[in-house]
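Shared chain: subunit A. Partners: subunit B in the first complex, subunit C in the second.
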Partner chain A sequence: MSAQIGITDIVSQHVDKVSGWKLFVQTVIARAYPRVIGQQREKSWMFFDVVLPLLGVCSYVFVYRAIGAPEDYIGFVVVGGAMIAFWMNVLWSMSSQLYWEKEQGNLALFILAPGPMMAILLGMALGGLVATTLRALAIMVLGTWFFNVQYSVASFPHLFAVFFLTMVALYGMGMMLASLFLLLSREAWHLSNLATEPVFLVSGFYFPIKSLNFWVAAAASLLPLTLGMDAMRQLVFASGPSLGFISVPLEIIILVGLSVVFLVGARALLSHMEKLAIREGRLTENRR
Partner chain B sequence: MSGNSNNSIRTENLSRIYKIRSGKKKDPKQLVALQDVNLEICRGELFGLLGPNGAGKTTLIKVLTTLLAPSTGHAWVAGHDVIKESEKVRTRINMVSGGESSGYGLLTVRENLWMFAQFYGIPSKIANQRIKNLLEIVGLSDRMNSKSSDLSTGLRQKMNIVRGFLTDPEVLFLDEPTLGLDVGASLEVRNFVREWVNADRQRTLLLTTHYMVEADELCDRVAIINRGRVLACDTPANLKHQLQHESIFHLQVSPFNGKTSSEKVRGIPGVIKVTHLPQDGYESVELILADESVLGTVINTFTAADVQIRNLEKSAPSLEDVFVKLVGQSMAEVESGEE
Partner chain C sequence: MQPSTTNPISPFWRSFRVSTWLGWQIESNWTDPLLFAIYSLVRPITGILILVIMYGVITKGNYASPTFAYIYLGSTFYMYVGSIMAGLSWAVIDDREHYKTLKYMYIAPIHIPSYLAGRGVARFLVTTISVVATILVGQFILNLNIDFSAIDWPLFILSMLIGILMLAMMGMILAGISLLIVQHVWFLGDGVASALYLFSGAIFPLEVLPAWLRPLGYFMPVTYWLELVRRALVGSVAQAFPTLSGLSNLQILGILCALTVVFAVIAWLVFRRCEHLAREQGKIDMVTNY
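Moving on to the complex of A and B:
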């Protein structure tokens, strides 16, 4: 262990470190990096995360065509198929991420580092969001091309605002679930399994939620994707407003509320998790 | 900070009790991991915590690195209370554990190290330069762009070691840093650690190990810990000096009627401690005798019992002997759970 550069040279270098918001931003970017770069190095996602969801989209498209449903329903399914990518990412990757970090021995190092845990969690969310947006876009483009979906965008600023708020609320929920799943440990797997199919149903991934009973749709609106998708469909399809659950402005207001609730909840649960970890000494233990 | 300003680490009556819930029992069992630990470690010291697996070394490191709250007592690191001022402590420390698999396998060595440097607020340019230099020093620069999942255990541990030094910590905690490494890699890690402390005597390094030679070779001072208690704390030379009046012999003997031959000599006047370890059909026995004259009685006892002595040698006191004297068992015996 020796070379031209001596240990003395390294030790004598005083390292100026940033703190405050600069440290926060640096931590977010650094933790987002593995998610984004991982996608470049693991190409299998193209098959598992694009081709397989497209098969699900195909089956609904063929059913709608067979029963002679309005053509906009095909577009509803393609949008739903793309948005499923975000739900799967939040449920199976984001929510269980802290659990895996614990198993891998990273969680203790995250807590130990001066970078705030909230920045770590935000980095995970941002990395997941960027990586999943690529998948969702691929599904959207391929679905639109295969089934010749026609869009009629009412307002791009509104569409962008709805998508942005949906993502903030959804990944805020994912950040909250990450701490919750860690506290629940292995039982969390059952929760993920339990949440997959029912959420597909009540969020209206493949049909307008207006078709559901009002109270079921209202309860499902606690999931940001339900209102987000409904608002986006209203904004991009000609028949969207007539099939919408509630008005887009109201959906935007609710999404803002959900974003605040989930982000505040994520921060509170993370703080609780960290305190519990330090008090009980179990949560940072990985099973070697 | 409470206490001498030259102290880098200080603990005061530090205890940690784990509650273990098992089955349907309402009352959890209690496991005392640390009990009334009082330590003062000076700035610039390379301090060793020596003890068998389960002695409480890792628990103590967890408390000092703000990862675990003590049940009672207090601890200060780099002048700050580990509970009340944990954020200040975290900016001044780092920790590396032996056998850890931290980071992400999909990232390269450089990317993993860069990521952790960012969590400590080191600007990218400086971090990349330090990574390059440190990897060169540990002989890992040719693997800088390899995925960390492609590294062997030894190389991975070198990467972990670099992660610890990269952030320029005032106090560095190394928890069994040579665990699972081969002899050559262990030696390289030890040399690097020693150089780091020697290069700047303002930095403190606390190292836990259950390798006696490692503690003896590396550490300025050593605390011997067992069952959560610090049994002795001094320089390796002073600890061994405690045994200067006693004679230490290592023997290899045949088993006695399928039982351990060492039992034959326990209780002989002048035999202070006896430890044994099965070894290739023989038994390796270590004796601490009050003086050399007792050896005759020991040999006569073995001979009378038809126990064959394969090898006999006198040894200079080692930290292992100090441990045996303090605990009454060798570290291997403690780890195997023998009473």
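Moving on to the complex of A and C:
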């Protein structure tokens, strides 16, 4: 006679339920997992994610060559091209992500699940950061190799600090925008589309931000990549300090401030979004 | 019962006309007209401003140089490449993956290539607004030096007509391929547009490219189309560059026509073959969720 398991047996079985910080960490890992592993399973994505930005980098490098720019400007383009990978990841895989999840029908499940939404966003950010760093590194290495870019690193600790803070502030901004874009619904896609070339322009992805009007550059500094890239260029190129917008220590302080503001903002907007979801009951509705 | 007399042109025209209207609605009805206008102008103009600032930084603002006109006009008219060529393939992806209507298109009495061409027209119209605005910005703010009385209008109109046809044919090739591939379809239009941007001399003369890459540029009809547009608008300024300076307008026009015919034949063969395979393999209604 085969053993039969009744519903009461299942219910009475002890189930380890995690809560508190353990639940938070497990949710982060669970959400980061598909971002990192998904890339390994679809290696050809890596090819396209590297080749397309690299084509853009090549175009801008050849423009600089055509007009006789100093060699450091070629390096500026290569660094900017690599950092574009992070901006595109934040834009399409962070800011727009909750909107996509809604379209796919996952958002309601996220909200219903016991894991905190903040942990889900953080998991997206960490997973995306790891995957994108690989792409950015590939663009950087290939760009450096193709165009023989020469680096002259002034301080590795400062460089790592700037990169780390830039990423914290940038992905914090992405977490904040995720809730905001969700509220915008169908316009989110267009907004993401819009935030490419204008951001490449004001953040100085292909030229020193100092070339812009001071107040334009100051306003653009609200985007973490603006100051992050400016500081990194100052630290890795011989002519960087002379083309820098403001001093590196000041940029580090501002990046710390931006990190705090964006993470707190992400938390506040997420709470607002969750309240709306409960009150109106329509936020997770796919109206297409 | 009398047999109905049908105009053989009507299915093509009807598909084209209705899809043009549909494409316009998809492109524009997501917001109010003002926001749509801003959206349509901001992105392309800022894209070109990147080049303007790069140029200005290095040349200390020497916008009167022919190089500036070369870069500015090449980049401005290149907008059509992305919008028309990539737009046609995007229509396949949009209808199959997003709206999930491609399968209905195929069972409806419409002519699919005409339908796709119509979807491209909407993008063409939006891009034309951006191109005109960008040229006006260049002319009145950046000292682009286009003498409107000296523009070779017949050459400009002819090269635009052939160019648009050529881009539509290239787009049809991509649309055919998009019917078959399930992964990376999102990258296809952008990838080809990015590659052409690099190899067609849009923003720098082909001489800047390594010698082994230049033949790619000479095979691309976009190279000749952009050259003709520049020559029509700024005449001798464009001819100052060595790439095609040895060729007359008529010769370039001939090459453009020949390459357009070549790409039209390729487009017809590729689209027909891909469409057949997509039907046979059941890919018309296959949604990948990528």
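Keep this in mind: the second predicted complex is superposed on the first by the 272 of 288 C-alpha atoms of A that agree within 3 Å, B and C clash if a C-alpha of one lies under 4 Å from a C-alpha of the other, contacts with A are read in each partner's own complex, and residues count from 1 in each chain.
One rule holds for everything that comes next: a residue touches a chain if its C-beta (ideal position, glycine included) is under 8 Å from a C-beta of that chain, and two chains touch if they have at least 3 such contacts.
Keep in mind that what you see is a predicted model, and the values were worked out from it rather than measured.
Touched residues of subunit A were counted for both subunit B and subunit C, and B has more of them. Touch criterion met: A:38 reaches subunit B, while subunit C stays clear of it.
In the superposed model, A:27 makes contact with subunit B only, not with subunit C. In the superposition on chain A, A:211 makes contact with subunit C only, not with subunit B. Once the two complexes are laid over each other on the shared chain, residue contacts for A:198 go to subunit C alone; subunit B is not touched. Of the two partner chains, subunit C is the only one touched by A:67; subunit B is not.
By the document's definition of touching, of the two partners only subunit B reaches A:278; subunit C does not. With both structures placed on the common chain, the touch criterion links A:141 to neither subunit B nor subunit C.
In the superposition on chain A, A:17 makes contact with subunit B only, not with subunit C. In the superposition on chain A, contact of A:114 is made with subunit B only, not with subunit C. On subunit A, the patch touched by subunit B and the patch touched by subunit C overlap at residues 42, 104. Contacts from subunit C toward subunit A in the complex involve residues 30-31, 39, 42-44, 46-47, 49-51, 53-59, 67, 71, 183-184, 187, 190-191, 194-195, 197-198, 203-205, 208-209, 289.
Those residues of subunit A lying in contact with subunit C across their complex are 42, 44-45, 48, 51-52, 55-56, 58-60, 62-69, 73, 104, 186-187, 190, 193-194, 196-198, 200-201, 205-208, 211-212.
Residues 16, 18, 59, 62, 65-69, 87, 90-91, 93-95, 97, 99-104, 106-107, 111, 114-116, 118-123, 126, 130, 133-134, 136-139, 141, 147, 165, 167-168, 188-189, 191-192, 195-196, 199-200, 203 of subunit B touch subunit A in their complex.
Of all the residues in subunit A, the ones that touch subunit B in their complex are 1-19, 22-23, 26-27, 29-31, 33-34, 37-38, 41-42, 104-106, 108-115, 120, 277-279, 281, 284, 288.
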